[in-house]
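Here come two complexes built around subunit A, the first alongside subunit B, the second alongside subunit C.
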Partner chain A sequence: MFSLAVFFQSFGPLFWAARYTLLISVLGIGLGIVIGTLICAARLSPYPQLRSFAGIWVSFLRGVPLLVQLLVFYYALPVIGLDVPAMVAAVVVVGICASAYISEIWRGAIAALPKGQAEAADAIGMTPVDVWTRVILPQAVALSLPALINELILLVKASSLVSVVGILEITRASQAQAATTFRPLEVYIAAACIYLLINLCLAALGRYIEHRTNV
Partner chain B sequence: MLAASSVEMRKVNKYYGKFQALKDVDLSIPPGKVTCLIGPSGSGKSTLLRCINFLEEYDSGEVRIDGQLIGYDAPNKKMSGRKLREMRRSIGIVFQQFNLWPHMTAKENVAEGLIRVRRMSKADADRRASEALAKVGLADKFASHPSRLSGGQQQRVAIARAIAMEPKLMLFDEPTSALDPELVGEVLSVMRTLADEGMTMVVVTHEMGFAAHVADQVGFMEKGELIDIGSPDRILHRPQDARIQSFLRTYHERNSF
Partner chain C sequence: MEWSVLQQYGPSLLKGFGNTILCWALGTVFGMALGLVIALIQRYAPRWVRWIVQAYIEVIRGTPFLVQLFVLYYGGPLVGLRLDALPAGLLGLTIYGSPYFAEIFRSGFRAVPHGQIEAARGIGMSEADVVRRILLPLGLVSSLPALVNFSIILTKETVILSIITVPELLYQVQRMSAETFRYVEANLVLALFFWGLVETISRVGLRLEARITKHLIERT
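What follows is the complex of A and B.
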């Protein structure tokens, strides 16, 4: 029998654990945006070495599962003598992994702009810095917002993987809860509801931002 | 009277890989005059026009604005970006697809170059932008984004953006080709006003009426060559070259009904 009481009781501890899920996702996408922007800049730069470095960075991070990246990073650090808290390791790995996707989101948005946009700015004598900051980036950022929100939603779900390095986020907390109540079904459905709630809110936020930038 | 530039092109060649887009083009554009370039699509008209402000990099020959070489300091030695930007400040260009910045209002589109390139204060730039927009008949559209404007209005904002910089030379790259027929007139009339004020203008166009009535000289291009250049009357009404005759015959056939 499905126990509604257990189902509702699970929400308390799981909501509490959700703060780690959100923290990892938000810090992860923040770090991902910073690194992803640099990688994208390297990829579009006139220097062949930088371009190939960025290309390898993207292929490698997209080609290896996040779970494997997490485990490698987490177990590699002590080997080189670094004692990093699990939380820091998780944010760094999630951020680095997101950077590969985010740099591709930027690159796609920049490539989607008509060539005439930059030409019109070049033609009146604007400097390359002005061309980028005044003409290209404002449009590229607006174009990529839906894709960035999508990436954030993916990260919220992917953050369940950091449970393997011992962080008590939603998934890990529900495993613990299931083990003590012996009611895994109720607990995991509660966890699913919380993930869904977070992501529905993010999707609504995305629609709101998209609507604002369209006008 | 505006200060007006002259352009001298000597033996200009341009290649895209193996394809030669411009073949030894010689062209003199006198100050304060209107030069129209006509010819079939792909004949190199736009490429030639874009060599004048070095948006298109010519491979050999010379393009001089008021005697000063643009794009190169010497053969095979590119000009610095700073020097090129300096020269471009006094050359306006209007594109077929307008190329307005969609995230800015009409006034911001015009003021942007004044603030960033001319280093004007925001207040001065706004005043100058308003004047330029009023001049092209858009005094009531300052706050509109390009997406809210018709094609003809967008192109007039683009002209205002160029003239606000007080250029000495204006380039027009098929300015009416992307417009619905009923919107062509408003753009051409703004261009005619500029011509009357003594602006040096180079216009790539398919508007033979504009070429016939406004141009001081008309050049005909085909396959990367400037076949002939002369008075509108001689080129459009008494063409000597068989290629021009055939081009005009096709044009008239298409436009008669």
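What follows is the complex of A and C.
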């Protein structure tokens, strides 16, 4: 039967492992925002080569399962002579994958802004740099915050896949825990509870931000 | 990669691909069916049932697919649910997809103009007829783009089934690369293969969607 003792005992180690889940997701989205912004800029740029590069980047990363990307990267690194810790590889892969989605989020937000705003800013004599940094980007960022929180929730869930390259985050820790206690049901349900807790908090944060930007 | 390798592993790769398609197709169909049921429950069931269903949706959407599979496949036997990898994977994919499909159907139903439903009731249609002849046809058309989109997302989720040893494509590729030590090439080829697959499916999906909606709009 369901053992409550095992269930509650597994929370300790799993919460400890949740640090890595959070670390990978947060660093992943940070890296994703940096790369995603560059990709979005390339996509909106006047140079056809840059545009098509960005298009292929987005299409490839959105078309290939994250698990496969992770395995390609993980096995390819030693071959090209790079010996980085698994943790770094995981963050880089998660970040690169997120960049494709984030560049689309930016693009959507920028497209959602009324064209008149940029034209008005241009008409009153703002430089193109000012138009971007003072008119378009602040509004686009505010518009896309809920979508970014949503992306973070997806990354928290996706980070469970880095367990296959041996990083001791929640999923990997629960596998170890299940192996020592022989009670996989309780341990995996405990892991699910922790993921749920993290994501419900993030969702609440998302609603709060959405509410604030709407007012 | 050498051709002899492909010759040797061709059959198992093909079988893996077959399983991938099988899991995807059945998972999508069952997940969609379950999602439709959930969406209808949320519309018509008493409040306490709706709460239970809502909790189910939140739990499934708030937890990783991999952890759900672990609960089902490794935890299931402790409560008497003993499944082989493939059926467990199918069941997992169905459960995982159902809340997303339910949300798609729900917003599709919400897009049906209220006046249409009231008019149907007004001319004396039974509630079952309203669902069957007004809500479903109109709601499904407006859900179609999102349904196609999520089905494409599910193709990518099938590779996760390899972790619980469902013999699908990634599983076979992993086995092959473990025996031939060609990890990089094998996974890179797999990545390109998936890229092509997803791009093709989304093109086909777009065309299908255009055709179906055009046909329906003409008739209504």
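Following the convention adopted for this analysis, the second predicted complex is superposed on the first by the 215 of 215 C-alpha atoms of A that agree within 3 Å, B and C clash if a C-alpha of one lies under 4 Å from a C-alpha of the other, contacts with A are read in each partner's own complex, and residues count from 1 in each chain.
Note that in this section a contact is a pair of C-beta atoms (placed from the backbone, for glycine too) under 8 Å apart; a residue touches a chain by one contact, two chains touch by 3 or more.
Computed from a predicted structure; not experimentally measured.
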Subunit C versus subunit B on the shared subunit A, clash or fit after superposition:
fit
Could you tell me if A:Pro128 is touching subunit B, subunit C, both of them or neither one (first, second, both, neither)?
first
A:Val34 in the overlay: touching subunit B, subunit C, both, or neither? Say first, second, both or neither.
neither
Per the contact definition in the header, classify A:Gln139: touching subunit B only (first), subunit C only (second), both, or neither.
first
Should A:Ala178 be classified as contacting the first partner (subunit B), the second (subunit C), both, or neither?
second
Decide which partner touches more residues of subunit A, taking subunit B and subunit C as the two options.
C
Superposed model, angle subtended at subunit A by subunit C and subunit B (C-alpha, nearest 10 degrees)
100
Which of subunit B and subunit C A:Ile189 touches, first, second, both or neither:
second
Touching A:Val84 in the superposition: subunit B (first), subunit C (second), both, neither?
neither
A:Ala120 contacts which: subunit B (first), subunit C (second), both, neither?
first
Would you give the minimum C-alpha distance from subunit B to subunit C, in Å, for the three-chain superposition?
27
Which parts of subunit A are in contact with subunit B and also with subunit C?
none
Touching subunit A in the complex, subunit B uses residues 53, 55, 81, 85-86, 88-89, 91-93, 95, 97, 99-103, 112-113, 116-117, 158, 161-162, 165
Where on subunit A is subunit C touching in the complex?
2, 59-60, 62-69, 71-72, 75-76, 79, 153, 156-161, 163-164, 170-171, 174-175, 178, 183-186, 188-189, 191-192, 195-196, 199-200, 203
Spell out the residues on subunit C that touch subunit A in their complex, using ranges where they run on.
58-59, 61-68, 70-71, 74-76, 78-79, 156-160, 162-163, 170, 174, 183-184, 187-188, 190-191, 194-199
Residue ranges of subunit A in contact with subunit B within the complex
114, 116-117, 119-128, 130, 134-135, 138-139, 142
